[in-house]
Amino acid sequence: MRAGLPVAAAWGVQVLEAEASGRAVLLLPRQEGLLRPGGTVCGPAIMGLADMAVWCALLARTGGRDLSLTAAQNATFLSAAGPGPLTAQARLIKPHGRLLFAEVLILRKDVPHPVAHITATWAARPG
Amino acid sequence: MRAGLPVAAAWGVQVLEAEASGRAVLLLPRQEGLLRPGGTVCGPAIMGLADMAVWCALLARTGGRDLSLTAAQNATFLSAAGPGPLTAQARLIKPHGRLLFAEVLILRKDVPHPVAHITATWAARPG
Amino acid sequence: MRAGLPVAAAWGVQVLEAEASGRAVLLLPRQEGLLRPGGTVCGPAIMGLADMAVWCALLARTGGRDLSLTAAQNATFLSAAGPGPLTAQARLIKPHGRLLFAEVLILRKDVPHPVAHITATWAARPG
Amino acid sequence: MRAGLPVAAAWGVQVLEAEASGRAVLLLPRQEGLLRPGGTVCGPAIMGLADMAVWCALLARTGGRDLSLTAAQNATFLSAAGPGPLTAQARLIKPHGRLLFAEVLILRKDVPHPVAHITATWAARPG
């Protein structure tokens, strides 16, 4: 994923888990360059991380070949994200058909519920 | 905005217009580091650009002081974005109250309709 | 539309305008059966009205034959809707391709901005 | 809920489960009046059912007194809903604070994944 997506490499995103069942867990480390005023991770970084996590779940499912495209993404910010690190847990809810659907939870250590909740629709394109 | 948000500076985002009525137009130049496989601007860059455009419209409205936070963002990708440049036109639809609401059109030269449509809800926090 | 959709008939929804360019304006009259506690039009009625308005805009465009299906709908409630009547202004932003995209403004008399803003994606299926 | 919301009563919606932890399961029976062309439950009915399910989960949590309002609802339609019956499983993901957040799965018998996925943000107002 980092090879294909320079933004992921630039942000230092790490893939912690990727399961063929259609799950992936990514880590966004703390980085000064991704903070917004107030010292919390900026919205673009959180939405981008979620997008990468879904793509990773798709790649895990298809063995690393997948050209699917984001068709829609809805993000809701639930609590202060803090300065990072953050983890993103992506899970494919509908892994088949022309339109795929996934959910991503953005988690912050020591906060019991997700700090952001994202759903994403992808247009399927086998690699 | 670029001072407050390192990501905007890193991406080379330029503010073309910013009106006190609550409008802003931003330019995302073509950048190799923001492309995804296939050679088009990646989703995270488009969603991030939209977020920056709304913040710019808020800053224009409040004279440069504003600590409002993104509460939700919904993005729909309508057509191929291409490699850039892209412009983002943000407009506050509901500029008053606790929750603000804005719409952003992502435009590509020579494509008549927006290549992406984004709506955003922000939690108001005067600067 | 009322022939095809019993809910529209049951709610007394009226089509005020429908243009082949892909616009439609619908009226939801005041009805006790659609209120929620507090005496305002309930969310289901507003979301349903928006869905009907998009369908009407599609039917206007295709001359009354269209089997397209709602693929996604995002609604944001901006202000108190009151007891009705309400009007819905639908407009196709992307009228071509496999996925169509529309915007609906829900308007209440004497309120300058929309009381609700809805976007909808439809999977195109010619009639 | 049916006392407060005439639409729920008109549609014959039944509350199958409601837990103080913030969960609710509702049943929408098969009804000719809620079908759309093609013989499947119409979008307005599904979006309305989801809204009712979230309200039920809130009422279960607060012991039947709650004046919270829908602030936003995002619905994605994943598969054919069929003619009904449908069940809606609502769960509060963020049950505290000014803005509450819930997820609703719309399930059809014999289909392994949800036929629709809905997220909702509610503005909290204690009863």
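Letters are used for the chains, namely A, B, C and D, taken in the order the chains are written, and counting of residues starts over at 1 for each.
Just so we're on the same page, a contact is a pair of C-beta atoms (placed from the backbone, for glycine too) under 8 Å apart; a residue touches a chain by one contact, two chains touch by 3 or more.
From a predicted model like this one, the values you see are computed outputs, not experimental measurements.
If you match contact pairs by residue number, over half of those in A-D turn up again in just one of C-D, A-B or B-C, and that pair is B-C.
In the contact between chain B and chain C, the residue numbers used by both copies make up over half of all numbers at that interface.
With rounding to the nearest 5, the Cα superposition of chain C on chain D corresponds to a rotation angle of 180 degrees. Note on chain placement: the centre of chain C and the centre of chain D lie 20 Å apart, centres being C-alpha means.
A separation of 27 Å divides the Cα centre of chain B from that of chain C.
One simple way to say how far apart two chains are is to compare their mean CA positions; for chain A and chain C this gives 33 Å. Across the assembly, chain D contributes 71-72, 74, 76, 99, 121 as residues in contact with two or more other chains. Listing the residues of chain D that touch chain A in their complex gives 72, 74, 76, 78-79, 93-94, 97, 99, 101, 103, 113-114, 117, 119, 121. Chain B meets chain D in the complex at residues 71-72, 74, 99, 121.
Residues of chain A that touch chain B in their complex: 4-7, 10, 32-38, 42-45, 47-49, 51-52, 67, 69-77.
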